[in-house]
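A short write-up of the structure that comes next.
As written, the chains take the letters A, B, C and D, and residue 1 is the first residue of each chain.
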């Protein structure tokens, strides 16, 4: 039995979204030279051309191959090369070797993208007579959200590729005018506790890990009105924060020792002044900007040093419930760098700038079940050893973030745009 | 201002506990030859003599040195060698090198123990006129609970030392008569949800991580009436459980690949029959016994295969609220091996036999704060990357376990007596 | 006191050599796409653009900077990036991270080359009035021989980059017509012993490690008339050569186990037939071609299996004394692959095709002294743990090889064009 | 056809040697506590009880099992545990895990030794009527020389075990009176070149690698009259020897960096004074003693710094031809530590004190062939990547050394009693 097809307006909107999102990925790569597309500077990083191909592979594998009659893959070898981690559709190419692949060339990857776009267009055009039209719409929506996630990864990986190069090349010299600095004093916003619902309510798109919506009990708590700044974090550094094991989680202290951490990623001391590498190149640390590129271990140690703690993800979502996240410093600003807090709101910087480490391990919500099949590998199998981050960053597309959005990384990861908002018991 | 000293009866009881616990540690080592005390078969394992010395160092460092006037350490070099992970009292000797230490000899370690015992006795005898008598009582109680934890580790490490040896020597050939086997059918006990209090209520000793007591919301749920058996786990193995990535967490599948896991630890296939190494030596797998020595990854994959899930720690504690944990198969039985479930109870095997993996990451309860000073490193700094286990095992002293007790290990660890109890949504 | 300048004819010849060699490097890269220039598939491999830049850095650092008045480096950052291992001129960029460098771009590297060429031309043009003209000539000659060595490395590294890619792209589909196969029977050429002089006689260019010429004592010995063929090596494989530890050196057997060697590098079994990856793409193994891409360990094990041995480098050089090496299958043939032996000579394939493993560790000749300064790091500091190979390969420029030429690699290396010629006691 | 049996006097002498050598091994272990027998502080080190068992396994495997009718192994599991590297008689237990074996106990190992001794005695007693009597005599002689090699390893491994322990326990506090210090000036002995025979002449026992005797050509050369002293080596250290890459072989400089070498093994700086750990415990460095526990890399770098070189093994053997090696500081002195040179000889310290690094890679002599069978694995398969040392040390049994004796270790090894004698071109 076939679905009843979605209304034409929905199909048109989907088609427009598709074009817009796909174009966005390519536009982010415009400042690159061909060589930048190829390099993998650590196993966590993927070469930009791999991202561009992988998101296309996602459409090909989960939509075109099963749902477009007569579809033939662009290149059968790509199923191995561009499968990230979907064991259900074959053994993926080893992640740490993505930088070994000079071929397919960047030009071929763009051809691959065009090939996918042509066929997705064809599929959308004929969607009204397809028996699985609703499911296909959902999958395309998933594919677009997937591609938006990779847009953020594109920017963080490009930053790592350029920032690992001793020549410290800029992604773009003229990114955007910085807004004026402003010294917003740290203040504490008191939030009520009680039985609180978190998780997605099912209206509009969400990832499976955001559901089911459910109740949790919260105590009254305090949340910082803005993100932790570089100036504040420098006090932690200057107070010997990186030398004092009593401030750190056990695994965190091991990371400090093994990785010789002395400051956030991309910080370097030159002539006695701290600098940071940004996508505009090397700059002196701006004390008013939010600290960025810190691991969970560093965020937790900083909170311990400050006599505070990180919020839980439920506290964060509860605090955000009445806030507008959409006006933040997102990908579209073209800054690719967090901005100092601007006065005028009770809770500033909740959306954009930097992902905010919570203290919550990334686990399933009560009653969560991953979808059937390979697509079920999307989120569920990572629910171990990772920590939830909330709120999006300056590399997140603005229409991609939600208050219920759960990002997650390992506690030692630092290469994303990650920062700190403190909390405290009331 | 000095404390008012505890009543004499409390002091006498403490003194008796001290003697009993300290003797217990040594009695567990009686079947060993000197060589068994020295070996470290993997970084997680400590040589038995190291355990015996470390628990004594704990009394010396946190009680005798600060509280017994004029106390001089047995050997100043021991502070480096037998500090496990207390960065607050100095850099510890590297954990992975504990097996490099032929000295101090086992005899010297026993002298060290006697020296500590003499001085703790002296301290207890004069406790009524000590200005910090209450605090000292608390610290001695902590020291004894600490030593009981190491009694369990002693047994699991001895098992690893003997079980890693190709000669497969038994710890003792005549451990204890096994009880009769029994086939208790798997059944599901329905437990009500609601607002439920978990955590320690402050009456009697508990570790800091069990508090504060607080409310959580639970849905109605089902809990297996007994532990998962070897027979059931064998079905998972025979059904290709270790070859199917779709059943595993992502980090779990990596562990399966890297460690070549094909079965629980200590299982080996001989002439087409599965055997397990026990402290009595090698034996054929008993299908009715609880499966033991599985990692969290294996427990989770088994649950996925079975179409069920693991319980949360709150569910487990809630289910245990009305149960009697004290009649289980604990250390004192001298079996050092889990037993088949015996009929007669609604929920069997909650206490003893094997620690039960929950699905809950080991994190702080709301409002938790570690104690000040080095003793604060006891639990808090491990609240990352580990998973909670509940209920105690056949190597846990019976009076050491509590319903609120939170054990924790990394999800890849298998060398403890760890097993599986399934849960499900109601 | 200045040198008397070399004659004009010498300067003209040098200038022509310079142009020819420099052009050759670039011409070898013509079939590449930009992406191929960037990738490093193992620490031993360098990205092609790194080779192109490094050989230019060599001219810049050792000739232009010290000898061309007023010379300013193209980019001061390049001294760090393109220094291979000359500790005397600064700490080199970590070798294993050469593939992390997307910048400088390939276009910039070609500009760098043009910049160097312009300035070397300027230096050569004015050489007759330069006080160090003779020394500069020698250094340019060294720089050209250095670049020729990197031409071979370019080809072996390009082969590894393409051959590591699951798409198995060809460097060029139409490389060259293969000559006809021919079955030349293995025969033994007896060579007389006695007091024999080896090493370079000082006429014309040589590397420092080829001197001083000195006498050695040789016993009469036998040398195979041709290289070991794939057919012969397949017998070793099929006879279980890779499974029999008694045939292998101890470190060799460890390599077989750790690297899971089952055949030479680039061999893969498809549908029960052995294939090899060549720069023309994947082809079935040709039984008459010399076996190629075997390590010293494999060469030695093969010789043990055959009941023979490898020649010493003195034996090889002695045997080659009356032979003409120049007519072999070298780089200029454009085949980049060894050819079957062609009848007509007593000793075939001595020059070109594949480098021949000797049994001689790479050590200093009696009385050898490396040159003063950083240039002394060229050869001397590698005289440990490596093995001498002789005769050049299909990737060696024909005018680069000499009978006294000592190539050297670690005994586990396989990615060069390396093969086997057997020897035996007479 | 059976051998004609050796004369009774030979058999008696062999029997006496057997008793003496076997007793010697046990006597070296007398100062140990049981725990010292068990520990393995790095993969190169074996636990003392492993040495005691392995040398017995050698007699059992190569003599008793094949030649004593009806012999039954003491424990069949020992063939796996105590096989060092003889792939021909089975896969050996992993070397790096020898310290994981608490069993067999030390007492069982001594029982194993007694069992072997009883049966070898039985074999020797009945040797005159054994058909393979000559071969058995040869094998027993090999077994005794093998055990003597392990006596040296016992002492170097015991030193490493005690010296790795932060308590720095002494093997024995009263080892032996030191002889008086003496400042023997460094002088150069000129030795003639020419055609020179080296290698064993076949009279008496030798290892296979010492033969065949053969001629080599030597130039006239200079050899230092004594070993390099601590005072001299300290000049190298103080001159920045460990910080100057230009002095080092490439692989040596990598070792300096990776291992953070700043001085020889067992040196530690305390209160601004260099100390060394000896088997008597920690002592200040004696400037007149030979420097000891240096790698080949350090010996070579020191020689480069001094403007000299190391001798070849042929030069060393040639220089020793007319010298008496037997009066040196060997194992029997009970000092286990090198002594300052004593005046009175042209070439001092050639025998004993420290093994002298030559510049010669350990390779086969022309015409060398390993024996057939597993016993052929004794020496031949190590002829790659190692360097020859000559002359014996303070841990070598005096009757074990020969002028033709070729010891060999990897160039990074330092834990043997290894030192430096300089050479130079004449």
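Here, contacts are C-beta pairs under 8 Å (C-beta built on N, C-alpha and C of every residue); 3 or more make two chains touch, one makes a residue touch a chain.
The shown structure was predicted, so the numbers you read here are calculated from the model rather than taken from an experiment.
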Worksheet, complete the sentence: Listing by label each chain that touches chain A and chain B gives none
Fill in: chain D and chain C - chains in contact with each
none
Discussion item. Using Cα averages as centroids, what's the distance between chain A and chain C in whole Å?
Written reply: 47
Response to the item:
Expressed in whole Å, how far the mean CA point of chain B lies from that of chain C is 60
Worksheet entry | Multi-partner residues of chain B (each touching 2 or more other chains) | none
Worksheet item: Name the touching chain pairs, please: which are they?
Response: A-B, A-C, B-D, C-D
Worksheet item: Touching chain A in the complex: which residues of chain B?
Response: 85, 87-88, 195, 214-217, 219, 245-246, 248-253, 296-297, 300, 359-361, 363-364, 366-367, 374, 376-377, 381-385, 411, 425
Worksheet item: Hey, which residues of chain C end up touching chain A in the complex?
Response: 33-41, 49, 75, 77, 80-81, 93, 99-106, 161-162, 164-167, 169
